[in-house]
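For reference, chains read A, B and C in written order, and residue numbers begin at 1 within each chain.
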């Protein structure tokens, strides 16, 4: 029941997170909410690092898998994609991890996130989990990762089949899947689901989503108060600590900070010139570079339809499992999962209008097939309302795909295009 | 170096008209006649679309495919981007260029990313009058069956609404029986390939299959009966250096199989979206059961696509076939960027190895004719298999 | 005040001088190692032709690969912006322009006001460019102009399937040395088809919109333009001096700035 295996790479993340937290506390320019965020990251990975010693049950799970269920049962979650990204970021071993993935027999066309994930497990860079939990959110790669990892780690697993369309019928099917998953987890861990705790968590997730909506409202202000890459924090808190008390604290603190900035008329970047919509995720290794560009050119990302723009709906804590299922249809990224009908496209147009965006940037991760297939469609949709779109070919993790110089040149041309209008 | 030998100089001439279908698609005479008589044609994609419902509505169902040969896919690339499988790009390009303008409807399943996006783009850029996508669960549980049945019934209702009339149960049963006949005839054809010296090659079998989803079943069944008749009286047989099984996703170009067989690798059986996954299981009609239920059960349980969970279902069926057809080696042909099949490959290779069956993994573009590098690798594989036999 | 546009390309530097809305003169000089010196030289030449001296009243906008490094220009602009403006001025009905330069090809989509709506370019690969054509002509051992003329007379088109310039080279070599050798006219046509198919792929990425204009040195290649028109399915528009289109665009932006009172 205890997690074994080499987890020296986890300690790298823990060390880095602790250093960043310490340094942030010393830096007067860093917001309180940011410090809280780094502290949360640090706690998350520390708990993971110590799980073996503490005899904790580690449940590895893929992105968008409802970690709230793992928390409700008092188990230790490990978000596989994020942990792999962070490992490669802090150890610089991206190449090794990807090569290991190739050695397993995984073709190079499989996106780096999942090839890397399998590679990382095979190298023992991630702690060996007690179970592997995964779903088909949000693509075939995720749906197919689980079985290989189960073999690599010699652990049992459960696959959640999340159906395609958003109908009551399919919602009930998904709820049924979650029920079965809970039973499986109870059997494996020897612990029972704490339904009361789950209700509390659901209530907090409802509040969490509301807070993100309120924060987004503030971002509509001109100038926009939230820094360009800040949306990654909003994304990560739902990935790693959904419905946790610290998450609520963090969001409330952030909300207050932004409210103060709005009242003072302060923007995230001095001299805001361009308000952009970010489609998909910028490469991890370019984060600080993009921050620099934001300040230099007065660019701010005011909304991210697939990351921060939550779908409508409230969650009912008295029906916790159904609410968790319902949440999966509200998750911003599910908007692009499909089907891409008038409603889905209309919501992107809506986003662009509400946030008065000047343009959009599409970070085209070359490994991500299903998102690249939407580039033209979204571009055409936004062109109809006169919003230009810049497409940047890149990879979320692999730094060899595009260079800072290329990105700089393309962005400058794009800003010139926007300026020229 | 012994290559594939064909005894008897004559060839099966009942094969010719099957080949003609592929050569002239989508402008085959049968399709044009069908449209001219005022009837409708629907295109479907993926073996999880219950064709019989379309047929029972008096509509001719044909499978959406791309170009037979590998070709420039600039239009497909502009919409689907270069990192989606060339199959989806090829299909989309045909659609964008108007080659599927004769379709009155398209029906798909939410099966894989490539198909899903193909349908998203089709909906937005190609105005086919009727459009429907079924949600296909990835599991075989009771709940999954219930969901899929609901989807099948919803599809039927949507179609009835579009056409303005109901599809009667007896009509649907009749369609099911017609399709079952196709399936059992195809099974008969396949059984012949179990022989030590089969009367038909893998490439020829694919030609028959290609025609099966491009013709009214009534015509196809007759043609296939004629072929089986000719085979029973002919003395043509084939043998090779090794008996192979071809596995993978989509394959339409018989040239690819030809390239393997010309070197002596006789393809005696296969597991492809265009072969056994298509006709694998019959629909079993139970008394007192609505035909939609029988359909839903068959389609979800049918020879699995790599998207289904658990993967062992697919692996076990492949191994069954490999053993039954006394296969020496397996050739996996996966279209580049076909994620579900790529992910399965490491595990499948291991399972086959447990049965002492080696696998050759080929990474291809849809429509490839199998020249150059592929031939070299097949050559090496065959040599290895021959050495193993000694 | 005169408006000056300077386009510094990898092979040549072009200058256009305008006053009000009229083009007064132009000059073209080979780009040397010192972009600044070349630009000065070209500008001096152009101004001389107008009868003015280099120390007159003028506003300069520079562009091209050396555009930013010109110390004496008032402003530097991206090539895409200048392409859009220049196209709008010279061929007002065009909504798309293909710039086939020596080292890279760029496709720009523009609106009726000469503003960039979208663009795409090939910067990683030589296959769609002038340098590629020069290399191919060398392999065939004929001058570029001869290749163009030959392609017009081609009965067929040799298959050159590689998307990569390096592999295409070996295909061309094999065609030249085949027995019997593939007719030169067919090889030329095949090379052009391969170049054009790269261009078409770029165009489709941004979505083809009529009218389509062509700019850059490679646009002077009759054979290429012929095949491009066939692939498009309609004739493409050629400005009088395609090499100067970008510089014209730069000059127009210079004039706009003068009008805004920035001079």
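FYI, a residue touches a chain if its C-beta (ideal position, glycine included) is under 8 Å from a C-beta of that chain, and two chains touch if they have at least 3 such contacts.
Every value quoted in this text rests on a predicted model; they were computed, and no experiment measured them.
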Going by C-alpha centroids, which chain is farthest from subunit C? Tell me that one. B
What chain lies closest to the overall centre, CA atoms only? A
Rounded to a whole Å, what is the gap between the Cα centroids of subunit B and subunit C? 48
How far is the middle of subunit A from the middle of subunit C, if each middle is the mean of its Cα atoms, in Å? 43
Rounded to a whole Å, what is the gap between the Cα centroids of subunit A and subunit B? 38
Which positions in subunit C touch two or more other chains at once? 205, 207
By the touch definition above, subunit A meets two or more other chains at residues 376
Residue list for subunit B, restricted to those that touch at least two other chains: 78
Interface with subunit A, subunit B side, in the complex: residues 78-81, 83-85, 110, 112-114, 116-117, 119-121, 123-124, 133, 135-139, 141, 143-144, 146-147, 150, 306-307, 309-311, 334, 336-337, 339-340, 342-347, 349, 363
Residue positions on subunit B within touch of subunit C in the complex are 72, 74-75, 77-78
Could you list, by residue number, the parts of subunit A that touch subunit C in their complex? 376, 379-380, 383, 388-389, 406, 412-413, 416-417, 420-421
Write out the stretch or stretches of subunit C touching subunit A in their complex. 77-78, 80-81, 115-119, 123, 205, 207
Touching subunit B in the complex: which residues of subunit C? 197, 200-201, 204-205, 207
